[in-house]
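The two complexes that follow have subunit A in common; it is paired with subunit B in the first and with subunit C in the second.
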Partner chain A sequence: MYETIAFYLFSALTIGLFLITVMSKNVLYAMTSLAAGMVLISGFFFILGADFLGVVQLIVYVGAVMALYSFAMMFFDATKDIKEKNTNPALIFVLGGLSALALVLMFAAPIYNKSIQALYPMHKGVGNAQDVGIVLFTKYLVPFEVAAVMLLVAMIAGIILAGKKMDQSLTKDTSVDDDEILTQKDAK
Partner chain B sequence: MIGLSHYLIVSALLFSIGLMGVLRRRNLLMLFFATEVMLNAVNVAFAAISHFYNDLTGQMFAFFIIAIAASEVAVGLGILIVLYKKHGSLDLDDLASMKG
Partner chain C sequence: MEIVTFTEVETFVQHIPEVTAAGVIIKAIIILAVISAIAGFGTYIERKVLAFMQRRLGPMHVGPYGLLQLVADGVKLFTKEDIVPQNANSLVFKIAPSITAATAFIALAAVPVFPDFTIPHWVPLLGGVFVPSIAADLNIGILFVLGMMAAGLYGPLLAGMAQANKWGIIGAARTAIQFLSYEVVTGLSILAPIMLVGSLSFVDFNAAQAGGISHWLIWQQPVAFVLFLIAGFAETNRTPFDLLEHEAEVVSGYATEYSGMRWGMFFIGEYANMITISIIAAVVFLGGYSEAGIGWLTIILKVGFFFFLMLWVRASWPHIRPDQLMWLCWKVLMPIAVINVVITGIVMMV
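Presenting the complex of A and B:
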């Protein structure tokens, strides 16, 4: 009963919030609604019994990724509305819906196969975190280490890409001194 | 009672919202947001299949998707900052350098 109510509440809210993310003209609104939608997505994970995945979603997505986006937004002018030249929104609705439907059907078709069986079944009486840990560190150890190396590479790439010329301001014209900007403002 | 198909339908809806955003958006930062929406939709489907088939493989794949998304954001935002320094804009139409 509660599961049903929670499911419908979470799905309605996530769909609404992600629609705001996709349709909004303001970067700040889009980012905030994306963060809220991700919190509700972790609610789905808790309903489904994937507790550890839900906590990881909260820490990594809502914590780290959103903080990274908000730091990056300080480099761009986030307060003004984005002007976009949109070509025929109805066509994009139809095309997006149709291609998403085709993709989902293609990838969901094997799930309805009856011969499917559990490769690493969950154990009764063992918490989700223990179960995940055992499978992750025995069967998926090599992908885990590769993912760790990939995160290290991404960190170095991020530092090198964003760290160049950090002493120069992006939004301010460096050829003009601060005093001149101030006098220009005074003249206005 | 909520079954597997309910979760898959919600996941498909979220995925099509994200795909619509990817097709519709011209700003690169907004394109990144739409990509995140699509990744989250796939994660919901993986967790639902993992629950209803009593199998942990789905959750494992969701973990690796989260790791890939985190590194994608780190590299992608670095590239966005470099692009913004170079062009002063994140609009795809302004960035097009090869006019056909």
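Presenting the complex of A and C:
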């Protein structure tokens, strides 16, 4: 019974929070509700007994991805509303609704058909992490390694793009001396 | 593929009384009450320790040896005017401190705090209820605690962004940089002991080091221990890494505009996080509560030592610059942590 209550509570809260994310014109509200929704999604994993995935959801999405989003938000004035440019709201509504419907049908069809079954069911008495690890490093080893290589490539690309002047320290920059900065400030 | 047999698990389960919802709720209340009290008392201890290290007396006027200073501070925090700046986003501004406090206490749910006990039968209503040592005994406890501490960065971050103050924004930016970077070091440094024990559960860590001081993981993983401590200091915002609210540079960073109890909640959250990091360090590296009979005493002593170490370091070392912080994380600590993990793996394979 607790699980049912928790499920409906989490569902309602998640949908509500993600609605705020989409609807709100305030950057800060959108970001906060998205992060809170991510936390609640990890709650679904915990209800299903997938503790490991729940914690991974917390660490990856809440701890890392959302924090990077919010770091990008630093460049905006987070306390002001944003003017959105919606050139064709009707089209957006139809396309968004259709893709949502397609997703719901895709995931609901196997459940409705009752032909869904776990290919790698959890073992009693064995930790979640072990179960995931065994499947990941036997059957899905190649996709796992390919994903790792792709992430490595992305990381190197990011470093090359961002690191053009990395060997110069801004703190030790002596090309401009203090007097010059002061005279520029005075001129302003 | 070796998996623990079911009979082993069953015999292990039989010795522990059933954990009921009432027991967990009582445990949660105990954690909240005791850790809040310790967090409050920690401020007094911090002042006293710092004072003695700097040849001062510290708080002396309120009560004997200034012991009631804590009460005076509490009254002051509760009765202070709660100011919300005019241009601030007031909803997020008000929520932010409770995120810090809540994540700090939720992290403690998966950590063994105090030994388990059964409430004696003569107690009305609750007699005979078994109170577990861990409120939520997840078999991935360490990951959960690290994840919750990662979520804790939203407290300072949202606080800084919501308050329409430049010092706050700088504090928030420093929060994101510092916490994100040092999470990597925490995770990688604790990975090596996890590989040795082969489990993510605090109970298994405790059991793996049950054979006395020579079985402590610190002797096998000294590098990981030092790395974890350094990263732990950074994640709990302690000197020399307290750049988020560095008074000399950014007034009070993310907490600039806060007053009264909202500011106090940041403080309680920070102290609860200090206790969490101390407990993790004690259980993972220093044998936890595994000593038979006096386990409850040794874990308190170990946690107390780490708490004292944080104050000691604060009295001894100056702050570092933000660029030094990043240099230390990405060019020194992270490579050492990765090398440590690789060497541990090679040693385990051979």
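Some points to look at:
Heads up, the rule we're going with is that the second predicted complex is superposed on the first by the 125 of 188 C-alpha atoms of A that agree within 3 Å, B and C clash if a C-alpha of one lies under 4 Å from a C-alpha of the other, contacts with A are read in each partner's own complex, and residues count from 1 in each chain.
Rule of thumb we're sticking to: contacts are C-beta pairs under 8 Å (C-beta built on N, C-alpha and C of every residue); 3 or more make two chains touch, one makes a residue touch a chain.
For clarity, every value in this text was computed on a predicted model and none was experimentally measured.
Once chain A of one complex is fitted onto chain A of the other, the partner contacts of A:A64 extend to both subunit B and subunit C. Measured by the number of subunit A residues touched, the leading partner among subunit B and subunit C is B.
In the overlay built on the shared chain, the residue A:I20 is in contact with neither subunit B nor subunit C. Applying the stated touch rule to the two superposed structures, the overlap between the subunit B and subunit C interfaces on subunit A comprises residues 52, 56, 64, 68, 73, 170. Residues of subunit A touching subunit C in their complex: 26, 28-29, 32, 35, 39, 51-52, 55-56, 58-59, 62-64, 67-68, 70-71, 73-74, 78-79, 123-130, 134, 169-171. Residues 1, 3-6, 9, 87-89, 91-92, 95, 138-140, 143-144, 146-148, 150-151, 153-154, 157-158, 161-162, 164, 169, 172-173, 176-177, 179-180, 183, 199-201, 321, 323 of subunit C touch subunit A in their complex. Across the complex, subunit A meets subunit B through its residues 3-4, 7, 11, 14-15, 18-19, 21-22, 27, 30-31, 34, 37-38, 41, 44-45, 48-50, 52-53, 56-57, 60-61, 64-65, 68-69, 72-73, 75-76, 82-86, 89, 92-93, 95-97, 99-101, 103-104, 108, 111, 116, 118-122, 131-132, 135-136, 139-140, 143, 147, 150-151, 153-155, 157-162, 164-165, 170.
Subunit B makes touch with subunit A in their complex at residues 1-2, 4, 6-8, 10-27, 29-30, 32-34, 36-37, 40, 43-45, 47-51, 53-57, 59-60, 62-64, 66-75, 77-82, 84-85, 90-91, 93.
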